[in-house]
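One structure coming up, written as structure tokens, with questions to follow.
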């Protein structure tokens, strides 16, 4: 089994669009944009690929920050950016198609917002006792 | 005799009265009364004359002819003035040439004066009924309509005096056209209808109205040249003037009458807005709706087919006739096709009118007895159903503020009565067991018995399929009711309008039930007079048709049963929630409205595309007629 | 030509026998490994609750005190996670599957035999 | 307004086995605007990592989707293994590869059938699904599950698939190969199928690259994008080459899938032949994953990416899945403009949408 | 007069299932299982359907859809929850966007367990549903007969 | 024909039974073509009877009325035909019936039914010329539009109709696919395979309403098969065999084709009508 060629580096939010442009110029495709909550902040990973060399750049943002869209380089970024907006409640500016928060209609708004605490959830006990079981 | 003159003169007289009568309310009443008088007179006239065959009325031409000439000159000058003012040089030239030729030709005839200037036969009677009854009903309708019209169009100057004047003068002229045996007279009345049409199209007299009015005038004057040419030709072959009389010309048979028949046919084609002339009729739709109903569907354009049908015996089984049939046939097919691409109700009606006139022309071009039977019935059914449709459209337009079919969705719940009448009209246009279809059917049979008829059969087969499409989609649109329909707004329709509409709808139904009678007492005798044979559908068929008719009228009773405690749920919109007024939960959190539009197929049936094809094709056919005649003459 | 492959197929199908398995007239097709439902040999169970803890669907309830083990058939996703973690390998998946019910709950309840003498159990647990 | 028709397409709709919702604005029958909206299947299962131990979570990860479930479980396992530095035995890799190819075959046949159904070709649908049952049987024989296999675990596979069984599977596969070939021939040559798909929804290679399409959708536009080229599991040893077609229309994408069907069968045969002996898992795993990793695999629908981030406990911090359908939505939006209503289902299906995957 | 049991038409809706159960429902239509033997047609249109097969649990976005589809169906009708997700919410029960099984929003008549359900189990479930359908029809007939008098 | 009424009455009574049987066999054969066992042969009857067991639910009460009219006029169509009357009248009655159907779909104002209605209209537009031209061909061969005369002409030694208008026969078989709503022309609504239009113009018809629609379809099937038979009326038994073969062919076509789009349906149907019409009718004129 071969190892997959993946790299990762962090960049500043302000460099994002420029960096993306550089990737575009290199002929990379946009693989994904993904967000992770880490305690008090969010990491957003932008992955690009050319010839199976997956390069990821990471920006770190906080609640309330405005993230620039990379739509000017990659039209298709709207789908990821809307997802981030809907699940994390982060604002992305300049998306090519703005669903206005209607991509995912979730029970709780922005379910991934606020860094998750790793807690073990109490098991809820299934209700039926022996009497109710199908005897 | 007196009644006949009364019919020709009375409307014009009333027209002059209206011209000087200032008060609108009182004038409306007068109009209605005058219209009723005309209806009564027409009916009496019909009853007096229907069994009598052809009756010639003798009139001393002298003074009358001179008066006509004088009027002609005055009118020509008037038009010239307008043409000069609006720089319509071609129109001016046509007026000069047309009037000039006619006046000049008149001096060529040296024979004794002919007395048999007016006549009545069964065909005339039918035309008179159409003019007298339907025309008058439209005038009554117009009183209510025009009130609304000026209520809606404040920017247009209220010239209703002139409007009713023109309408009534027009009625006179139409009577004149159908009663004239003298073709000079016919031509005189013919040109008056053209002028009336011109002025009425230009009623609003804004830029577009002027343009369309002049265009209509131009094409009709161009067609009118056919008469001038006929006169010259007739003067050339027989200066005695015998042949200027319609009856003697037709009796002279194809050998002599073919060229005049073709020339007048040319005039008829222009007047009947056949391709390549059809554009004027579309432009004419800018006129107030009663005008469209009266001039541009039920009567004036019928004058065009009237003369062609008159010459049908000449065309019978001739190549020229076949070419004319082709013009009609292709006009029918292509105009029907174009109607698919239109969503403006009046334009649909206009194209459908052109198409149906095309069908009549086809019948006339084929020219055998059965075809003429079909043609005459087509004229009748079309006149009544189409005027009903035009008037309904007008009423609806004033109620919903649009004449676009797309805006008429669910009209049945807003204006149930008017809509039902509209549906009667539509059904009358294409559905068995209603009228038009009977005639189409007869036409089909007639064509199959003639040498080239098969081409016409193919044209009709396709054309009626196309017709089916645009009528049904319109009908469907009207009946398309939302789950929670809009409230009724019927009360606002004026009594005059409602009266005319109801009478006309009743007429459609009556004529559908009564057409066997009509056929046997009027049409068949007429055909026997000309061809020596009658024509009709088989009795068995008529019986079945009538049975179907009865079923059509009984079936609605079942609605009572179906209306009983129905459980109603909203329509299906992919599982999304639906509010009943056609909104549903759409993407991106929007409430979206279900829009249900019909198909129009601009790309296939577009006006530009088919219209152009039709114009070229039909021009070719007309040129071919010319070549055939020319070579025939030379040979 | 393109059209004929399909035509041949259709005609061959008409002539040939249908592929239908005719369930329920004939019994359902099963394999040895088919995961139909979870079964327990309750006698071997030590009520350690591991199965319950690892069950991704929370379908199992084990009560050490009552010596009962129950599985909610409307929750169990037959994933064998419990089978894998059970220290006594008293759980297994069998190819037979549970049929539908009209009324929930649908819980299979197993009452274990009374506890064996104490010392033995203690030894087991350590 | 004008002459527009608004058709609410889905979410409940017979040609959509899964709910997706499009507001189609039509003129005559041509789509002038298609506004999509999703979320009808969104469960939010990525968040369950906080509630389930990472070893149990694989059962949930494989239920992201019932069609490509096996590859999801492999991808999840691989990414965790990558974080934890676990060396999975070769046999496990081979068996994983075989089953991944099996699920590709079943998925492609499923898709071919659904597309046929969307085009109103019922018989072809029935035929594809009939052949597919043979594949499902083999999978059930090997794993016990028809569509959800539950075989893969972190660190290997649950239960070895013995060599005889593998032989049996590959024999069975050979048996149905003629049928599969016939199916492929119908899809690539049948006049009426071609009539419906040729020239429809064309995207060029460059457009596809721009739009980030993956999998057969991209490969139909002559874009040789296939995560199997990275050589995970056993692929680097099996000599793998992506299948591409040039035209970029629906037919090309269809042919890509049909050809991949045959290629997958070849891969299975090759893997069975080369199957190494040995254990199938790494034994008991201690501790939890600490760190983060991306892992890419090639699903039937294209490249999928799992990202896991752990903090050393038994509960992961984040599990993110970027599924091929998600990446193929932008191309779909572009493809839909200007097609006929009758073509909408075909175009929608041409990306082989899997909403379960897309929305997780 | 119980033709309804000889011709039950189904509609299938994918709640928020993982597709596993969906494709098994579809598999039921295909040659090997061929539920058309029982007169079953997958209509895909609630207005024509008698049996509502739901796979997958209910989430906050499709709850309206499920309800609406159910309401659009014409009585007598039965609902069959197919698969663990549909019966109880299954593994996704604790997801933030899942409300639970189908019975949370509409009355369910038959619960078919399995993850993924086997086609045979679906056939069993539908056959069981037929009995309930017939009961409901008889009920409806009685009510309507009563209403008419 | 002995008495026109007998034919009509037999049609009214027997057509649903015969049509149901044909439909049942159709479904069985279709299933076998797909490698399945398929439903019982009597399934169509169960289906229809079931529909009448369901509650009557509508979007608008008028829909029931329109569908009822559709049914009535289809019955009339067939009755006129089997009574041996004028074939043009039959065609017109058929059109009328379908106009009611289309209107019912329009009236339900659901987008699917609406598009279905438009497509049905297109399909009517597609088949109408062919029907009329076929009637014209019959007239030119036998000198009458009357079905009874057309039959008599053949049995009195006029030769089978199909021999003089073979192309028109082919054209009729072509549009039969449209009329029977079989793939590739199940465009406005389809019997089985799923469609982008859900159920097209029948989407909003539920319960008894749909039942009426289905019965009407049975009548229509029998009428159409009669129309095909007419080409072989001189040899009644051969005619029946041909009808069976034609129907089998339709099933086969149904099972070996994708659903076409309306553009193709309309163009091809018109082209067939035009070509067969011109050549065949032209030949009749010339010969």
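Which chain is which? They are A, B, C, D, E and F, in the order written, and residues in each are numbered from 1.
Simple rule for what comes next: contacts are C-beta pairs under 8 Å (C-beta built on N, C-alpha and C of every residue); 3 or more make two chains touch, one makes a residue touch a chain.
Computed from a predicted structure; not experimentally measured.
Asks: With contacts counted as defined, which of the two, B-D or A-E, has more C-beta pairs across the interface?
Replies: Result: the pair with more contacts is B-D.
Asks: Of the chains shown, whose Cα centre falls closest to the middle of all protein Cα atoms?
Replies: F
Asks: For chain B, which other chain has the most distant CA centre?
Replies: Looking at centroid distances, C is the chain farthest away.
Asks: Please tell me the distance, in whole Å, between the geometric centres of chain E and chain F computed from their C-alpha atoms.
Replies: Result: the chain centres lie 34 Å from each other.
Asks: Taking each chain's centre as its mean C-alpha position, how far apart are chain B and chain C in Å?
Replies: 81
Asks: For chain D and chain E, let me know how many angstrom lie between their CA-based centres, rounded off.
Replies: 27
Asks: Mark out which residues of chain C touch at least two other chains, giving numbers and ranges.
Replies: Chain C, residues with two or more chain partners: 3, 6, 10, 18-20, 56, 58, 72, 75, 77-79, 101, 106.
Asks: Chain D: which residues touch two or more other chains?
Replies: 5-6, 8-9, 11-15, 19, 29, 37, 39, 42, 44, 47, 51, 59-60, 63, 123-127, 130, 145, 148, 192-193
Asks: Of all residues in chain A, which are in touch with two or more distinct other chains?
Replies: Expected reply: 99, 102, 104-106, 111, 121.
Asks: Over in the complex, which chain B residues touch chain F? Could you list them?
Replies: Residues 409-410, 431-433, 437, 441, 444-445, 448, 451, 454, 457-458, 460-462, 464-466, 468-469, 472-473, 475-477, 479-483, 538, 540-541, 544-545, 548, 551, 555-556, 558-559, 562-563, 566-574, 582, 594, 596, 598-599.
Asks: So in the complex, the part of chain D that touches chain E is made up of which residues?
Replies: 11-15, 17-19, 39-45, 47-48, 51, 59-60, 63-67, 69, 110, 113, 125-126, 129-130, 133, 136, 145-148, 354-356
Asks: Which residues of chain C touch chain F in their complex?
Replies: These residues of chain C touch chain F: 3, 6-7, 10-11, 13-14, 16, 18-20, 22.
Asks: In their complex, what parts of chain B are in touch with chain E?
Replies: Touch list, chain B to chain E: 569-570, 572, 575-578, 585.
Asks: Would you pull the chain D residues touching chain B in the complex into a rising list?
Replies: Result: residues 1-6, 8-13, 19, 21-23, 25, 27-29, 35-37 of chain D touch chain B.
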